[in-house]
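In what comes next, chain A is part of two complexes: it sits with chain B in the first one and with chain C in the second one.
Showing the complex of A and B:
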């Protein structure tokens, strides 16, 4: 296993794109978060906005890069035929997948932590200048605050889980383009359909099973009662999606020829 | 003596090197790759299926008196099949044949019960009261009205969607409506002596005897709170009161007195908002005379609601279109393609033409199946449709197909520049789908959302907007309700602009770089 981890780490480290993609995760997440923080204003008491969620809204953007990174880690091997060498060297296929998941997950954990930390810090100052102050009923954004810490840690875990989901899907379909299409479809289509459907029961059902909407519930720090699903339960839904994709991919990897 | 050798010349005739050959080559490539054909079929299928799911999951429960379908919830239909609000207080008499009514409005006030307890001043921008000539007292019937509004001066309105601005903003306001045949003219005056024509409208097939008189209506006061969970609106009823005097009638007015009536079943019950004192008349009422605006959570369904699956179809098409180029790089086929046709720009052009055509046809089939199917399901459930002219419906369907086709060419160009499928697919999905999600899922406040749908390729989804915005009706008109900041053609032009730019960069990159 240690060998497998080292192999995967070397492969991912020496591919030119990895560094750029990790930098992009941080830049895009922080960029959209900062832009959103600048865009909102709180001029009266109780603006109905959730400061933690605003500063972390860049996750919706950053997750795409995470998906690309994870999909490329598998799709690249199939694209070049490298997978046959990998499986010849490490014949236990589940070991390969677990090692890949561990390395990708660890990289996303590092990049995601940096992105979330900078986003919250930037949000703290920008939102305070835009009127999210004590006077307007909003505590200044701080990681010492329990719900904010949960939102921040949850966002990092969200990115990791999106990475694992993408890894599983890519292992199952063996093609980078199709895999990224499926992953982004899974993430983005649920919110769109939920916005069109008018039956409130169906809206709630869709939001509860949607990997993105349910998973991002972990970012909410205000109005927890009106959430379709609890913060940690929502992240649990995304973990189920990721676990399902990984085990499906792992099964297919065992059953099929490389 | 040296033997001269003649160089070898092939006896085979030189093949034509036209653009047609290239098109054929690209078409052959496309149709022989199983994954691409499956991808296109999948795009059409998910477009239809998700559209159907959206329609089927739009269940509404109406607890009507007989427990039946939402018959009582169906609004009256105005002329032309537009669903309308037609609730107002009406003090009316019969008018037979041609004639006119003149009245002076001395005051217009309105109260709102925003906090549920103490009435406060609630004059809405489109609170309106004035004089009206109406086909009958049935809601949805034809009318022409000359009204003083809360903040928009004197307005001549007719048949719910017509709205002509007057010039008078001062009170008292003198108003006059004159009927001759099918046409009704509205005049305004500040002093009752100098009259100014506001507008003339035609009500086709207006019966000889109509109802005419004074009216008052005030729309609900809407308070919309935006939050990340979504925009939530609360509305409070408002009630307008208008005082009229110096009423003079010319022509055939057989009735001796005014009849007060709440048209469209006002909430007041016995409290008909009509009082007479001397030569003055006071009318007070709630409601609105206006087209219904589509919105999230509303009962009505629009044409484009059947096309929500186009997003899923778009993702499938983006995958196919990007790999149409990137797979040439992955397999090295690009070197063969460029040896066969060394003029590289033409290879890209041929690919674009083939891709545009197949995705346009796919989109057209999917959209023209999805729209009627979704409509049939919705109608079965008792929803009413926002009927639009056939030309608009065609624009929505053909526009969606064209959107998918241009998006495919855009993906092709991005794929040519990046040469990596995962990167190309995600770039296109991010610029086309993510802005729409951020806008409709209320992740962002409405200002930045509107901008996202102006400057990103997602602006093209404006081609799906079937209903116009009415300046004379206050509503949110948010992307989530189906209203886009750009007009359909302007939004589509934004996507075309990005595609042209990407094609330009792709041609340059293809020419400059080694294959």
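Showing the complex of A and C:
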């Protein structure tokens, strides 16, 4: 296993794109978070906004880059046929997939942590200037605040789980373009369908099983009662999606000819 | 030098492999062994099951029946498989943005080997000047060399190479021939596939000829050529008509094969010389006919599998 981890690390480190994609995760996440923080205003008590959620809104953008990174870690090998070289070198296929998941997960963890830290820090100053003040019922954004810390840590884990989901899907379909399509479909389809469904019960059901809507519930620090699903339970839903994709992909990897 | 266990380690045993892709039978009881110290050619038309057999040996494809063992063990049970079997299936199976050296580096890491071993094999295949460039810019010949380097990383007693000279220039082909011969001379078992018998001339010691998923012939190259050459004699003479009359009169079958050459079947070279001398027919050369590997292959496939020989010959061209 140690060897397999080193192999996957060497592969990702030496292929073009990994560094750029990781940088893009940070830049896009921070960029959109900053833009959102600038765009909102809290003009009085109970302005009904969630500062933590606003400052971390870039996650919904950064996740796309995470998906691309994770998919290409697998899809790049299938596209070139190099997967056969990999599986000839390491015949235990589950070991290969676990090693890929660990390395991709670790890289996303690092990039995601950087993105979230900078986003929260930027939000702390920008939102304060935009009226999110004690006077309007908002404490200054701080990781020392329990719910904000949960939102921040949860957002990093959210990105890692999206990465693992993408890795599993890519292993199952063995094609980068198809895998990206499926992952983006899974993430964005539920919110879109929920938006056009009129029955509120169905809307809530869809939101509770949606990997993105449920997963991002972990960012909420205000109005927890009106959430379709609890913050950690929501992240749990995304974990189930990721676990399902990874085990499905792993099973197919073991059963199919390389 | 390789370990002394080599003779035992350096074998491939393929027994009764069967596999279908949908309704197409890919392997139909494929059975043969590859011995140490020899280059074994694995020949047959495209679609005969060569690549599928190789993938089965390497544990990449599953089979419905039969087994493939390397050094007496199934490939997938090997802890560091590349130290037992070096393989090259597709030289272009690499990510173009990675340098050749980094490609070898991750493979080396998978076998518990380091950068020093990478540099050794790069030197061995003569790729040192290009190894720090992106592999995407390599010519097919350079990729084949990189592929051979990756097969040699683990200094394995067994090598499995699928069409390694495909796309190489004549200089590269000559290099590959010499290289494969030297690997076999070190005691390794070398299995090399090709859909062109002529590619294996001067390379293979032994050939396993396959068609439609099974072995048609499993024979030594010299033996094969000898049997195909028969007792034929090539005769060069300016008096073609006279020679034909004399030799046919003595019971030989004579075929005209050129403006001044005849191929004589049924008489020894000595007897041909004596007959022509006795009748005062001028001639400039009498030699035993030696078939090329290609000819031998044609002959063999014609005899062995009458019903699809035509097809094999067609794709052998």
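Miscellaneous remarks
Following the convention adopted for this analysis, the second predicted complex is superposed on the first by the 258 of 258 C-alpha atoms of A that agree within 3 Å, B and C clash if a C-alpha of one lies under 4 Å from a C-alpha of the other, contacts with A are read in each partner's own complex, and residues count from 1 in each chain.
Note that a residue touches a chain if its C-beta (ideal position, glycine included) is under 8 Å from a C-beta of that chain, and two chains touch if they have at least 3 such contacts.
Computed from a predicted model, the values in this text were never measured in an experiment.
Upon superposition of the two complexes on chain A, no clash is found between chain B and chain C, which fit side by side. Look at A:138: by the touch rule set out above, it reaches neither chain B nor chain C.
When the two structures are aligned on the shared chain, A:124 is found in touch with neither chain B nor chain C. When the two structures are aligned on the shared chain, A:10 is found in touch with chain C, with no touch to chain B. After superposing the two complexes on chain A, the angle subtended at the C-alpha centre of chain A by the centres of chain B and chain C comes to 110 degrees, rounded to the nearest 10. In the superposition on chain A, A:87 makes contact with chain C only, while chain B stays out of contact range.
In the superposed model, A:35 lies in contact with chain B only, and not with chain C. Shared-chain residue A:77: touches chain C; no touch with chain B.
More chain A residues lie in contact with B than with the other chain of the pair chain B and chain C. By the document's definition of touching, of the two partners only chain B reaches A:198; chain C does not. Superposing the two structures on chain A brings chain B to within 10 Å of chain C, judged by their nearest Cα atoms. Residue ranges of chain A in contact with chain B, taken from their complex: 35-36, 39-40, 48-50, 53-54, 57, 60-61, 64-65, 67-68, 71-72, 75, 79, 175-181, 184-185, 188-189, 191-193, 195-199, 201-202, 213, 220, 223, 226-227.
Residue ranges of chain C in contact with chain A, taken from their complex: 55, 58-62, 75-76, 78, 81-82, 87, 89-90, 92-99, 102, 105-107, 109-112, 150.
On the side of chain A, the complex with chain C involves touching residues 3-4, 6-7, 10-11, 14-17, 76-77, 80-82, 84-92, 257-258. The touching residues of chain B, counted against chain A in their complex, run 35, 39, 50, 53-54, 57-60, 225-229, 296-298, 305, 308, 311-312, 315-316, 318-319, 322-323, 326, 330, 420-426, 429-430, 433-434, 436-438, 440-441, 443-445, 447-448, 480.
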